[in-house]
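Each chain gets a letter, A, B, C and D, in the order it is written, and its residues are counted from 1.
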Amino acid sequence: MSATTRSTDPPEGHGTTAAAPTSTAAAGDRALRLRDVTITFGGVTALDAVSFEVRPGRICGLIGPNGAGKTTLFNCITRIYVPSSGEIRWGDIDLLRLRPHALAGAGIARTFQNLALFGAMSVFDNAMVGGTSVSRVGLTSGALGWPPARRRQQVLRDRAWHLLDRLDLLDVAERPAAGLPFGTLKRVELARALMSQPQLLLLDEPAGGLTHSEVKDLGSLITSLRDELGFAALLVEHHMGLVLGISDHVVALDFGRTIFEGSPSEVRDNPDVVRAYLGRAA
Amino acid sequence: MGVQEPTVVDDPPRAAPPGRMPSGPVAAPGSPRGRGRSGRERLTVIEGSRRHWALRALAVVVVVAVLLQASQAQAFRVGQFTNVFIIAIAIVGLNLVTGHTGLLSIGHSAFFGLGAYTTGVLVARYDAAPMTTIPVAVVLSFALGLLVGLPSLRIKGLYLALVTLAVGVSFPEIIRRAEELTGGAAGLVVRSASLAPPAWTGLGRAQRGIWMFWVSAAVLLLVMWLSRNLVRSRFGLGMRATRDHEIAAAASGVRVARTKILAFGVSGAITGLAGSLFTMYIGALSPDGSFTLLKSIELVTGLVLGGIATQLGPLIGAAAVVFLPQLTGSLSTGPLSGVVFGVVLITIVFVMPEGIAGRIGLWVRRRVAVVPADRPRPAGDAPPASTPAPPPHSNTHNRWEDQ
Amino acid sequence: MSLLSLTDVTAGYGPSEVLHGITLDVDPGEVVVMLGANGAGKTTTMQAIAGLLTWRGSIELDGRPLPQRPEQVVRSGVSLVPQGRGTLGALTVLENLRVGAAVRTDTGGIGDDIDRWCEVFPVLGRRSRQLAGTLSGGEQQMLAVARALMSRPRLLLCDEPSLGLAPIVVQELFATLAHINETDGTAMLIVEQNAELAMDLASTVYLLDVGTIAASGTPADFRADDAVRTAYLGY
Amino acid sequence: MELFLERLISGLTNGSIYALLALALVVVFRGTGTLNFAQGELALFTTFVAWWLTTQSLPIWFAIAAALGVGFLMGALIERLLIRPVAKRNDMAVLIVALGLFTGLNSLAGLLWGSETKIMPSPFPNGESDFISVGGARLYGDALGVWGALIVLMGLMTLLFRFTKVGLHMRAVADNATSATLAGVRTSRILAIGWGLSGAIGALAGVLVTPLAPQQLSLTTMFSIFIAASAAALFGGLDSLVGAVVGGLVIGVLEAMLTGYVSVIGGSLQQTSALLIIVVILFVKPTGLFGTTKLVRV
């Protein structure tokens, strides 16, 4: 467990480390760069020298058949797996040196493919947990209800209320997450991820289980939030309507290798992508 | 599906309010402005408002009045109340780690015992003033808590419960073994002169009972207040998040391992504090008396019965485990009380898993809503801009239903 | 006479009712698709038929009441491929298939069927001794379908088979489902967000809305309706 | 050398008992993914039943058979009536029910039969002269009997899980009960069989342990064995039969050697040393030394 502080105060404080963003759009100047990321599991190469870049404020779509290595790549970035070789840099930070919980402090937040919420906690508290990395209230000051600690927490509370309002979750704020409809929970996850004011949002199949019109709403929600808050996003998704609709840039993987990288308009005409992924309907 | 036109891009930039995803059958939300979900009138109290302070003041008055009344009871009753308070403190500690962090501990008898023996040994062997031993007991129990929590870095769920079980089991063994310090199996007796109330209180040796009553009550209130603050703080959010979903907690920046270890430490410290008070209250210790696995089970029973992860649960549960065996006619911890504990524990899980305090809490929340002062006013009386647009294709539904 | 027929079925989780009276028919050998938004009750309907939830109303198979216990439902010839696949990850592919034959006693026939599905889904044949948990998402979905078919159902229930699958895998899967439907005459009730592809297979479509059937018709009817197109087909 | 051999023999014998109870734990874990904290007390209770039958001047073999039957029945009933209704809720609920059973069963045995120590006859020849000499050390008949029981049981369990339909279905239910049900597996029956089986195995461990000197039958008999058996089961990651047996034997031998040769630990710190073994194993390899590593999928 590292004893170093990677987090800074909420905006009113004087952030000394470079880790957490203290303002929104202006701070989004970091890029995620993957260079020659390779990982093997018992002789099987799951990722083979994958390189690409997610530029600040841009949305990068990551597609590919199942087993192509998308989830593995995702897990490398979120520090669940350790690549055998290669480099993942986030601005000037070597991501591979961070522990999983430190990602949020470094301005990277994620959502989960199959929803990973805190079921017994209220929607509001779910969001508040997302602010953990940008708060410096310690155990003792928290237990004593120290006024400065309360003030620091208040900044987060205001942000949480704002986000819940923005994502149309105010009505359910006091309800426990467990038992709310799927689509609502997807937004709760988004609110939680946004609490840390991330510069990079990792979205793992956000459209899974949604109908076309719901997906459409989700797409406009993501882009409008991006315009407002200025984060970049890495989007793993099978729903081509969403990927092609909101991505600025698309990367396609197959058998652990990059088979395509370019603009969304070129994807459907790329013979490799059609053969490996899209099939006839493209 | 075939790749359709990228239908999502042509959204006018930033013009529309956030797309509201049709979220299916959202039940009418419990509006915090006075209407319950069932339409019943709810008393709405805004946090920090005058009404809220009035309620708080009322609560304080009630607590003080009840305590004053209780302190007037017969000496053995006062002793029982003191015992309840001490057990309640121990359960508050257990609640932090088991209730709020989700790590079942069946080894809390060890913390209780460590606190008790720390005070016992320091007072009996080194003539320390009882109150001065409290910080030592707390610090030692905190350290033991960290140590027990350490395996939680890698061990989860059942496995961790097993570790705590083993800790609980080892404690009496070690006490028996460390005979020179602890008196071993024969036990340790603290002379009642050493446990007399401090001189400044003006209380004599004979008034130790009433002294311990007030000390325990004060410590219990303090500990409940601390625990409430802690659970609501950033650290507490981390604890509860860890309980509900470890991976998501870590992804949100919660340092899961650190949270678990510290939660164990704080929990152990509080239960150790209870142990320390227990020595002052009881005066005689033996490893097979109050520090075996049965004590752990008693604490767990109290917690479950009172209500896991509730504020008042520990106190209610403590009262239950102190008075319950007496109702069955067996004053000691004979076999019958073991059967009763077993039956009660299982029954509670079946009929009232939320515990007594949990049930009361549900009842109260249906009638009183405490709204945080910083909550934005709900859509109804907010400026129209924040009123959510109707679901985009609600018309579609209507049309189809009309068919 | 219809193979499966639901009449005014209500069901839910605990105190909250999700289905408020569903009436629906599947004819022998027919493929039926259910569409609807999240929370409309599609998965609940599937779970009710499969016996995972208690329901009220009437569900009949071949005119006889369908039992309410999951394993008896399988025994009567109705198999569910659950949402999220439910592969038995700690068992091998082969063992998964053998578990799928739990209701059968004809040892020889079970062996033949295992061979058959390993041919239809070649990937399962290649990985038959591998732990199912190590398969990719698409492979697990194939395994889930194959396992459900091991009980020789007359009606196959598929809940969101395309979830999390690449478009090309989804096409492959649906082609296989179509093939099985043709060769074996297995009737299918499919819940699918990927409505376009599912409707290619279907002869009847039901639209669920908030726990009731909002509309039913042929795929052509549905494609002709603008509102449905926008909401569920995405064009 | 003789002393060493005798300690080895005694370690292996105690270890076999640990292994038996550990097998009971593994069967439940493989069947339902739960650690049965009440396993030891369940075994204690059934052993008391066996003891009581022998005091009614019934033959020991009959008493043992009856104890196995009672163990099976109680295991199955506990699963059906107490565990299954709460199993859906969460781990904590199951643990608490098991804890309730733990204290309840122990106290019930005390209530029914009193807390004084009982003398339980052995099913195997265990007279002063019933031994064979191995390198000078005495190997008594009842030790051989316990070893034999373990070997036979181990073989039967392996056959069950590897080659029978019931075994396959038990593994399927443990992995994902809903999926198994949907495939037509009679989950209720399988769960009850699993718990029943473990109840019977536990009963076997109980009736075999008590005749071994110096352990007579008392209310605390099974507890330390349960702790050691948990350590043994953990050794194999809770889901490996071989791991549980190897773990049981290793812990038994280790304990005998430590008690014999290291005076600090001797005698009264047995449970503490089992604790240390548990913690060290878990810390070094949380899935146990024989356990299957689970894939992290998010």
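Please note the rule applied: contacts are C-beta pairs under 8 Å (C-beta built on N, C-alpha and C of every residue); 3 or more make two chains touch, one makes a residue touch a chain.
Note that the structure is a prediction, hence the values are computed from the model and not measured.
Think of the whole protein's Cα atoms as having one middle point; the chain whose own Cα middle lies nearest to it is B. In this assembly, A is the chain whose CA centroid lies farthest from the centroid of chain D. The highest number of C-beta contact pairs joins the chains A-B. Each chain gets one centre point, the mean of its Cα atoms, and the points for chain A and chain D are 47 Å apart. Rounded to a whole number, the gap between the C-alpha centres of chain A and chain C is 33 angstrom.
Computed centre separation for the pair chain B/chain D is 34 angstrom, with centres defined by C-alpha atoms.
If each chain is reduced to the centroid of its CA atoms, chain B and chain C end up 45 Å from each other. Shown for chain A are the residues in touch with two or more other chains, namely 78, 112-113, 116, 181-183, 210, 212-216, 240-241, 278, 281-282.
Looking at chain B, one finds that residues 1-5, 7, 22-25, 247, 393 touch two or more other chains.
In chain C, the residues touching two or more other chains are 37-39, 167, 195, 230-231, 234. Against chain A, in their complex, chain C makes its touches with residues 36-39, 84, 136-139, 160, 163-169, 171-172, 193, 195, 230-234. Those residues of chain B that touch chain D in the complex are listed here as 98, 102, 104, 106, 151, 154-159, 161-163, 165-167, 169-170, 173-174, 176-177, 247, 294, 297, 300-301, 304, 308, 335-339, 341-346, 349-350, 353. Taken together, the chain A residues at the contact with chain C in this complex read 63-68, 113-114, 181-183, 205, 208-216, 238, 240-241, 276-282.
In the complex of the two chains, the chain D residues touching chain B come out as 34-35, 37, 82, 85-86, 89, 91-93, 95-97, 99-108, 110-111, 115, 223, 227, 230, 234, 238, 268-269, 271-272, 274-275, 278-279, 282-283, 286, 298. Remark: chain C residues 50, 52, 70-71, 74-75, 79-80, 82, 86-91, 95, 98-100, 102-103, 133-134, 147-148, 150-151 touch chain D in the complex.
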